[in-house]
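Letters A, B and C name the chains as they come in the text, with residue numbers starting at 1 for each one.
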Amino acid sequence: MSELEYYAQNRRGVSGWFKVRGYVIERKLYALHRITGILIVLFILPHFYSTGWHPGLWWDALLGVIVTFHVANGLRLTLLELFGIGIGKPLLVKKPFQRPVSIEGKQRYLLAISIIIFIALALIWSYYAILVKPLMGG
Amino acid sequence: MRESTKMLLHYITALIIIVTGLIHLLANNDPNIGKLITANTYLYLGNMAIFLAALLYHTFNGIRVILIELVPDKCWTKLIGWAILLIGIATYIVGFQVLLMALGLI
Amino acid sequence: MESSMDLWKPVGTVKIRVYKYNPKKDFAPGWKEYEIEVSRGTTILDALLRIKEEIDPSLAFRYSCGQALCGSCAMMVNGRQMLICRTRVLEVVKDGKVELRPLDNFPIIRDLACDFKSFFDKHRAVKPWIIRRDVEELENPTGDYKQTIEEYARYYQFTDCLLCGACYSACPTVATDHEYLGPQALAQAYRYIIDTRDEGLEERIAVVDSDHGCWRCHFATSCSDVCPKYVDPAQGIQLLKKLIMRSKLGFKPHKPAEVLPSKIGEVKKR
C-alpha cells in the first residue's frame, strides 16, 4: 500500500535539488552552492575538533576552490536578493520567445563578474596553499 | 523572530565572515602580513571571536534551512530551530575556550 | 512553390514514450510506446489525441484550449516542463523518440494527469485579490481607482500567469518541501502587493515572510526558465524579498491609489 502511495506522490525529493540537466546555468550554480556549503560544514568539524587542522597542499587548494566558489556565488546572490541589483524591471511588452529579464538581462554581467572573482580568489588561495605555506612550516 | 530578520543576519554574517576570515587566513598563511596581524594578541582574539560568532550563525542557519526543506512539518520546524540554537551557543562557548587556549591566554 | 499545406504533409514517424500509471490498479508505473506519423506542424497534443483516438483509448491527459491560454496541458517533455499544445513534435524529438511524463512534484491522478489541489490552496493562501480598507467607497462607489501606466507596468507582467504548474514543478525547493508556497503563489503575492490599488501589505507579508515563504527561494531560476507565458516568477520573488527588507526599514511600496470620480450619470448640458 505504501509502495502505491510513494509513486503516486511523485515527489522528486533530494534528487530534485540536483536535477540540473536541461535548465539554465543558474540552476547548476544553485546546486553547486548547496554542495559546497555542505562540504565546508564537513571541513569545519575536524578543523574545530583538532584545533586548526587542515589537509595538506593540493587538498588545501581544493578546499580553496570550494570556499571561494561559495563566497563568489554568495556575493552574487546577496546583491540579487537583498538589493535587487541586476534583477531588471518587469516588462510591459513581451516579445515572442521572450527570455526572462531576471536571468538573461543584467544578471549575466553579475554572473561573469562573480566567476572572475571566483577564479582570482581560487588562484590566490592555491598559490598560498601550495607555494607559500610549505615554506612557513606546513 | 521573523524569517526576514534571520535571513538578513545570514547575509550580514556572510559579509563579516569574508572580512574577518581573510584576516584569519592571512595571519596563518602569509609570513609578512601574518606577523603584523598577530602582533597584538588581543586584537586578533577580538577578530577571531567575531569570526567564530558570524561563522557559527551562518553555518547553523544554513543547516536549519536545509533541514526545514527536508522535514517541513510544523512541529519539527520549531524543534529544529531551538535545537540548532542550543547547539550553536554550546559550540560557541567550547570554540571560544579552544581559541583562548590556542592563543595562549588561558 | 511551397504552400502552407506543406506544414501538414507527413514527414515520418516518431515514437512517443508515455508514462502509464493508475495508482488504484497498478503496483508500479510503466511506460508504453506508440508510433505516430507526424508532419512539421503536428503538436504533441495532436499526437496524443491521435493515439487516444486510434491506438489506446485508455490514455489519460488534460487539455482544453489548444492555444497556450488555459494552462491545462503542462507536462514533462524529454525532462522539461512544457505546454504540449504549442510544442511541435519535431521540435523536441531526440533519436526519433519523445518522452512524456506527468509534471514533477505533483501527485498523479492517472497517466499524465496530476492533482492540483495543494497548488491552488497555496495560491489562495496569499489572498490573490485586491484588499481595500475604504469601506465607504466599496459600498457606494463613486468612480475608478487612479493608476498611471508606470504603476501598471510594475505588475502587468505577472498577470499573465495561467496557473499551469510548470514553474512549481521545476522548482528544486518544491521537490523536498511540500509546505513551500512555490514560485507561482509568491509571484502573485508580489503582483498584488505592488498594485497601487491594493492595501493588503501586512496581511500578505505575514503569509509570505514565514518559514516556507519567499526566503526558501534560492534563485535557481528554473521557474522563469520554463514559464510558457514569460511571467518571470523568479524576478517577482527577488523583488518581493527586496520589498520586505525595505518595509522593515519603514519604506512602504506605494501610496494607496485615489479614486477618480466618475462622470457616469452626469447629464451633459447642450
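Just a few scattered comments:
Here is the rule we go by: a contact is a pair of C-beta atoms (placed from the backbone, for glycine too) under 8 Å apart; a residue touches a chain by one contact, two chains touch by 3 or more.
In UniProt terms the chains read A = Succinate dehydrogenase/fumarate reductase, cytochrome b subunit; B = Succinate dehydrogenase; C = succinate dehydrogenase.
Computed from a prediction, not measured in an experiment: that's the story for all the values here.
Counting C-beta pairs in contact across A-C and across A-B shows that the higher total falls to A-C.
Ranked by how far their CA centres sit from the centre of chain B, the chains are topped by C.
Work out the mean CA point of chain B and of chain C, and you get 40 Å between them.
The geometric centre of chain A is 28 Å away from that of chain C, both derived from CA atoms. Averaged Cα coordinates give chain A a centre that lies 20 Å from the centre of chain B.
Shown for chain A are the residues in touch with two or more other chains, namely 14, 34, 81-82. For chain C, residues that reach two or more other chains under the stated contact definition are 176, 178, 241, 245.
With touch defined as above, residues shared between interfaces to two or more other chains in chain B number as follows: 8, 70.
Those residues of chain C that touch chain B in the complex are listed here as 173, 176-180, 209-213, 215-216, 241, 244-245, 248. Those residues of chain A that touch chain B in the complex are listed here as 14, 34, 37-38, 40-41, 44, 48, 51-52, 71, 74, 78, 81-82, 125, 128-129, 132-133, 135-136.
By the touch criterion given at the top, residues 3-5, 7-17, 19, 21-24, 26-27, 30-31, 33-34, 77, 80-84, 87-92, 94, 98-103 of chain A touch chain C in their complex.
Residues of chain B that touch chain C in their complex: 2-8, 65, 68-70, 72-74, 77.
Chain contact summary for the complex, chain C toward chain A: residues 21, 23, 27-29, 78-80, 102, 104-108, 114, 149, 152-158, 160, 170, 172, 174-176, 178, 218-222, 224-227, 230, 232, 234-236, 238-239, 241-242, 245.
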